[in-house]
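Quick heads-up: structures coming right below.
In what comes next, chain A is part of two complexes: it sits with chain B in the first one and with chain C in the second one.
Moving on to the complex of A and B:
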């Protein structure tokens, strides 16, 4: 009996090697998964940084303080965002007083569309398409990831410390990060793959919200291809429209959108809210 | 002797070890629905028929990943969900900086962790610091605050979006 006991102990000890491998594998996987998780301070840092970027956008292009129209944009945008993967963010939508055709999104959920873009749209589905594309940039944290914005990092120079700091070097460092974000939005543009991803996710948000899934494609086709004053910023910061349209068409084909029931346009409601302002 | 004592022991211990592996994998590969509502589809494409609808916060067991889609099991059904709709942790509601207590907590937490970098400055509050961020560029925080005042509940927005009749 004693022999049996000791042999069992030895066997368990030896076999625990296998168990350790599994446990270590489990820990590695869990650790990798946990590393993708974001803590509350990361989200707060993202929102706080986004507010600074939004203030710079509004300092560059004036806000249209039309409550009824802004409320309309927010109803559409918040409904679209309900299908996104960021229930931790309160999204805010606003109109910019500019004739250029463009839209912007700051981290944390601040989304803007210009009067020029609104003029080009034919119905609510097209408006939803543009807002959904911008929601996708925020939800996928394109700027946050590119600038490596986290509440803390290993260098000790965290965004959190930048946001709450007030010494001149700290303010300068935060200003430089805001500059980089504004540079992405107004000059350099997102990475091409980020734009294509936002087109795909934006189209997916349209599908989930019951809008016409071809709305983004329809809107992009209307943007003048010849460089004009109203579209030069869009051309500089985005991939060529023909490439974007081709990729949206491929996405629609791969996902068998033709099987989906026809989406809504809400043209009358759009006219009623937008054309009267 | 060997057959009598060792083989049964090895078999029992191996069985115990192997039984533990799927349980560990399932625990490691769970994902949670982040969108308000979503459908698990029979195939990884939007045109595929829906198998079952799931709501925000529901836990799914991930069985694999393919081109941005998760193969998942839920309520004894196996299907596909678009990766954008799920996340590694359960949603915990909207995070806001507008709430004073929330902002204060953020600043205090930051002070604790970044004490070598920031000290009394954080106590002055986030808003003032933001206003001082840049003297070179125009900043419109009043505009940001105006935007933030327009607050819509997602439930109300969803009702508005699906209502065909309502016009301005």
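Moving on to the complex of A and C:
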């Protein structure tokens, strides 16, 4: 019980870190917290914006139309997302028809994992680890914060009005922001600290859902063994894997995950859903 | 002929009593903190070298814009700026009463606009600043003033002043964060100064016994100055430990084009002397030299609500005044007082202290204290030396209130500076006057983060 309490505190701290002034950034003033506060319009804007980004992702990589597999992904993902401190979002999970090893998260709760990534996974815990990492990007609003997506945009025009707006300049502005989000996902990548934060939060979500807390580390260790073509996007958009693994290990050690009872892997269930499709 | 010359010398001496020597008529070359530039920076008395993390950083320390919270756009307006300078006992009336002379300048001035844009290649910025500006329009009349001509007094002395002098900076900035604790930056301002000084004075000389007018002098002076130059600034900011930041800047202004013209017209008529207009014209394209500026700042980010900052600014003693432009002289002066030969600026070290406290997320109060010491030598009161530049040390304070929304801030503040010192406002006279200066500024500024 005590452990559960402390883990809850850690998770809340990690998740709330995205919406509060970063303690390490001592230059941030109290007023900057205003820009981090969200209202209902902001959440609507985030979801609408994320939907457009998701559409752009699906326009680039086709969806795998497998109802059972998609349902399976969603069951795992929604269970993980329940601990992500974003009850305002309805998360959706889908599989992309690509051999590259990657996963994407669009603001608003749209999470995608590629067929190539799924192929690399050994069990359900590893799948959960990848989904949890992406959920963390969404929950922490990494793209939303970087692009400053909010109900009031730079010209004082609401983003929601941008989205439903009718004028060409308004549509153009929206498209430009979507372009930037897609650029982050496919080319430029998140900020390094955002990736590390998602690894930490994702690992905590695994723990809270009863999965093996080492699943993300196990999954990441397999990536360098693959041919470079299928992992080149991942390498370009993410920090070096060795750094990520080292930080995950440090995080696990600091939180004494080794004291936990072995988390579940659900290998058989994974095999039955994934290998049979 | 000799009698005529003697008479003119007397008149010249007489006029010398009344034609004030407005060494500071131009935008104030004797001080370096004439207008506090920027929004948050001005609110903190200019103690901003180690902070500089918004668009105003382009002016104070370009390295700081790399630490901005996203891209920023900032504009500030001195809603109202008024400067009053009182020369005590400048004149003496016939009845022995001393009369002070007061100069004032009022202006409504947008003094800063800047924007920064954060990219992966660093932070880029562009800003426009007006660090010095004077608009002085006066129409004054003095009556029954003592004269140095025996048996005469000044029946009426009218003085019209119309001075407009602005110094503009505009140019790009760039800053790069070499690490999370260290950044370098540079701003290259193009500098432009545009000045027009118009002085028009008229006096009558009256007989002490019967009050009859015995002569007059009308004098007009028209001075224009245009200067183009550059002012590169190099800056660095380093955080040796959490919550502490140190800032350093080096800057120097270089003029590459100067166009200066002086036209003096004098028309006198005294007694039997014929109307004898004199016209003198001169021009120059010599570029002035300016001091090296070194600023060192320290900031303590005590908490997200409290920030304390201090600056020390060093200005080297090089450079020169524009004495030949600023001083209205007589071609036939008679006094034996000597004009000091050196026109060099003295070394100056100014300080600034600033504090910022957030009452809550939406409201912040800021205050500052600063010095604005004169870059001139102390005025000698030896009865021999004339035409010395004034020496007035100023101390100022600022106070402001800012209201924040999620992406904007609006600030209203006041600044007040006071100082006293010595001056010689009378051309070619060794007499020294005490002078008192009061500057009031009201800041109105807005900033936008995007």
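Please note the rule applied: the second predicted complex is superposed on the first by the 234 of 277 C-alpha atoms of A that agree within 3 Å, B and C clash if a C-alpha of one lies under 4 Å from a C-alpha of the other, contacts with A are read in each partner's own complex, and residues count from 1 in each chain.
One rule holds for everything that comes next: a residue touches a chain if its C-beta (ideal position, glycine included) is under 8 Å from a C-beta of that chain, and two chains touch if they have at least 3 such contacts.
Quick caveat, the model's predicted, so the values are computed rather than measured.
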| item | value |
| --- | --- |
| Contacts of A:266 with chain B and chain C, given as first, second, both or neither | first |
| Which of chain B and chain C A:67 touches, first, second, both or neither | first |
| Chain B versus chain C as contact partner of A:148, first or second or both or neither | second |
| Superposition-derived comparison: chain B or chain C, residues of chain A touched | B |
| First (chain B), second (chain C), both or neither touched by A:48 | first |
| Doubly contacted chain A residues - partners chain C and chain B | 26, 29-30, 33-34, 37, 152 |
| Touch list for chain A against partner chain C, complex | 21, 24, 26-35, 37, 148, 150, 152, 154, 188 |
| List of chain B residues in touch with chain A within their complex | 5-6, 9-10, 13-14, 17, 20-21, 24-25, 28-29, 34-38, 45-48, 56, 82, 84-89, 91-97, 102, 106-107, 109-111, 113-114, 116-118, 121-122, 124, 126, 128-130, 132-134, 136-141, 143-144, 146-148, 150-154, 156-158, 160-162, 164, 166-168 |
| In the complex with chain B, residue positions of chain A that touch it | 3-4, 7-8, 11-12, 15, 18-19, 22-23, 26, 29-30, 33-34, 36-37, 40-41, 43-44, 47-48, 51-52, 54-56, 58-60, 62-63, 65, 67-68, 70-72, 74-90, 92-94, 110, 139-140, 151-152, 156-158, 160-161, 163-167, 170-171, 174-175, 178, 201, 204, 207-210, 254-260, 264, 266, 268-269, 272-273, 276 |
| Footprint of chain A on chain C - complex, ascending | 53, 67, 69-70, 120, 239, 242-243, 245, 301, 304-305, 307, 356, 358, 360-362, 364, 404-407, 409, 448-450 |
